[in-house]
Amino acid sequence: MEPVLELRGLTKNYGAHRAVDGVSLTFERGGFYSLLGPSGCGKTTTLRMVGGFETPDAGEILLDGRSIAALRPWERDVSTVFQSYALFPHLTALENVAFGLRERRLANARERAMEALALVELAEKSARLPAQLSGGEKQRVALARSLVLQPKVLLLDEPLAALDPKLRKQMRAELKAMQRRTGITFLFVTHDQEEAMSLSDKLAVMNQGRIEQFASPEEVWLRPATRFAAGFLGAVNWFGATGIRPEVTFADRERPPGNGARRAIVESTLFLGNRLHVHVRCESGESAVAEVARGRDFADGESVWLWWNSADEMRFE
Amino acid sequence: MKKRALGIYAALALAFLHLPLAVLVVFSFNSGRFTVWEGISLRWYSAALNDPQLAEGLLNSVIIAIVASVLATVIGTMAAYGMWKRSARVLEGGMLLSLVTPEIVTGVSLLALFQWVFRFLHLHLGMYTVIIAHVAFSIAYVMIVVSARLRGVDRSLEEAAMDLGANQWCAFFRVTLPGILPAVIAAALLALVVSFDDYVITSLVAGVDSETLPMVIYAMARRGVSPMVNAVSALILVLFGALIVLAERMREQ
Amino acid sequence: MNPRSWFLLPARVWMALFFAAPLAIVCAYSFLTRGDYGGVEYPWTFESYTRLADPLYLAILWRSLWIAGLSTAICVALGFPLALFVSRAGKRKNLYLQLVLLPFWTSFLVRTYAWLFILRDTGLINTVLSALHIIHSPLPLLYNDGAVLLGLVYSFLPFFVLPMYATLERLDPALAEAAADLGAPPWRTLWRVVIPVSKPGIIAGAVLVFIPCLGAYLTPDLLGGGKSVMLGNLVQNQFTTARDWPFGAAASLVLMLAGAILLVLLTTRRETKRLL
């Protein structure tokens, strides 16, 4: 069976600036995918091209094998959940959800909309106007509004960005559950690596319009394809072309066996509850962070040995 | 595709808005007396500039406009400043009401006032009654322009000044006013234009010897065909256009 | 007295003396009797108001209402697409807005006269048409309700476009995108989303046009001749030629009342309040 969505060599320029540079990705049916990257990396532009709100300058977009690049947004079988939710302020929650169904002239639009609202647990607020809903509730209405149309792909443009941290974590779990339950392919755009890693089956790390890596979260974490991917997913101690994550960097007073260890001076120690981050400056000049268990104690200015297992190294050219 | 249609419509609408004026101006250069084109000529301009009635009307209009504009600007700016500090609902409501009151009503009501007062003071309608009327309806315009500017001014500037020893008047003149000066000038220009252009109210409260330019033009337009009116109109268009552009520049500063 | 109140004093005095008092006087006059040589005298009476109920004057009131109403409707119909265009013009938004407003800022008298020049028997249209031998005698384009309508729409169209543009400009672009995303082609998006959401702006703009149209004087005077008499002309006539001040005052008050009612309705509706 062919992939549900395929992007081939997608390119978009804004004047002299190349926002999306030859992006090629393949998405399988029923998966939860993320586009992850910093501001301006082209992830939102890519998403908008799939939604039909931007026209690609080059490349193809194939939905279930058919090219949709020439189709307008209302002709495409994909749906977008906007960052600002974009709920119609003059319509109730129910009417918002029923909007697309009414466009399709479906007879039982109202009932189906009620069902969708029930799915996001907002059935009792169906008569409310968007102004009377909280941020999280608005987001759920937006989700229901798109899902009720059963699109082939659901596009989500940083939908959790406007929520406070606690609500974000809660909504993450709900989103994941929703995706599993409906089986609809989700394409999720975010700049939050924790979010992308916790939700996705596969994530694409983007930088300056290009895909740095497209793989499962573990794969990108343990075996990042580029320096950028490594650094974006989490903190990295760099020693030339070699990188080591702080969680697998060790610091000791006694010299460990083997000859990989380096001498370093402790600059500061940060207490993080169940662990400590020890910031050191190596003899060879680099600064690094070692994550150690709670209970150990290092004084500023103290001299320590820094070491790690070579199996945990990430090497780049 | 839809954008194209909208663009074409907009072009037509803009043409509708501008063509009548363009036609007026073009025919002001017509050497013929009627609407049949007979060649380019400046005779109507020279006729207009030499017409004694027009000249007197222009002079009156200028005097009235300047005096009324200065007064309205001072009063209106002070009012806007006062309302910036604390809300004055009645005054603000009254000013907004004066903007939506039909000119004919403002005009006749002022006429009624003057005639009633004249019973006791033995005066007549004259330039001063026109000036009073113009100030009355211009204050609201000035207030709106200056208020809009004041909304963007940081109150703490004045508070700092007063903290350093300035009293309210001092704070206004030396701290706030210099900052809003461009808007005040723009408001003055607006009051100038509004006063200069007024016909309805002026025609009701003007005395026999205080005919303004719009009144002269109106009489000429009513009497019949005269391209002189076109010439004067063209000149007025240019003048107002210049004043408004100037006012906009000031407002944006 | 509070120094801030001093700043408000000149305006308060001026408005009280030269806006409020005159209106009060007009109000009083409307209940008095006409003087022999103009002016007013006692006794107090309702006569002026009952006279207004005369079919002749009711016809004038009715004409004023429908001309103002139709002018407003046309301004809305013509002005909305124009405002839409300007709001979507991207970088050139301001330029187009200035282009729309520029005629508005020039002399009202001149703008009305322009149509006089174009429409009259010896005016541009008739001259061109007869030169092309399409007509043999001039078309009576002037001095009727239609000419007044045209003049009013021409004068007040920018008056509607400005607040309409302000509303449309503030509209969240994501709303239109969402509608498209959910399956609505552009004209459906316009009908189901853009227009309903910008309704407060439409209403505000309409009222802003209706009120001056209702009280129009110069336009029906120049373009309507004596044939298309509106309330404004009636008032002017009573205070000058006819010298029936109480009657004119009563007509003025009716005019003001109509406008004031609409204004109060406008400023008390929550959505339109924000616009002002």
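Note that the chains are named A, B and C in the order they appear, and that numbering of residues resets to 1 at the start of each chain.
In the analysis below, contacts are C-beta pairs under 8 Å (C-beta built on N, C-alpha and C of every residue); 3 or more make two chains touch, one makes a residue touch a chain.
Quantities reported herein were computed from a predicted structural model and do not represent experimental measurements.
Q: Which chain is the middle one, judged by CA centres?
A: Most central by this criterion: C.
Q: Give the chain pair, either A-C or B-C, that is connected by more C-beta contacts.
A: B-C
Q: Centre to centre, by mean C-alpha position, how many angstrom separate subunit A and subunit B?
A: The mean C-alpha positions of subunit A and subunit B differ by 59 Å.
Q: Could you state the distance in Å from the CA-based centre of subunit B to that of subunit C?
A: That pair's centroid distance is 18 Å.
Q: List the centre-to-centre spacing of subunit A and subunit C in whole Å, with centres computed as mean CA coordinates.
A: 55
Q: Provide the list of subunit B residues touching at least two other chains, using ranges where the numbers run on.
A: none
Q: Residues touching two or more other chains, restricted to subunit C: which are they?
A: Within subunit C, no residue touches at least two other chains.
Q: Report the residues of subunit C in contact with subunit B in the complex, numbered from low to high.
A: On the subunit C side, the touching residues are 3-8, 10-12, 14-15, 18-23, 25-26, 29, 39, 78, 81-82, 84-86, 88, 96, 98-100, 102-103, 105-111, 113-118, 120, 122-124, 126-127, 131, 154, 157-158, 186-187, 211-212, 214-218, 222, 232, 235-236, 239-240, 245, 248-249, 252, 255-256, 259-260, 263.
Q: Under the touch definition given earlier, write down the residues of subunit A that touch subunit C in their complex.
A: Checking each residue of subunit A against subunit C gives 51-53, 72-74, 79-80, 82-84, 86-90, 99-100, 103-104, 145-146, 149.
Q: Tell me, which parts of subunit C touch subunit A in their complex?
A: Within the complex, subunit C touches subunit A at residues 172, 174-175, 177-185, 188, 192-193, 196-197, 199.
Q: In the complex of these two chains, what residues of subunit B are touching subunit C?
A: Within the complex, subunit B touches subunit C at residues 2-3, 6-7, 9-10, 13-14, 16-18, 20-21, 23-24, 27, 34-36, 74-76, 78-79, 81-83, 85-86, 88, 91, 94-95, 97-98, 100-113, 115-116, 132-133, 135-136, 139, 143, 167-169, 172, 193, 196-197, 199-200, 204, 214, 217-218, 221-222, 225, 229-230, 233, 236-237, 240-241, 244, 248.
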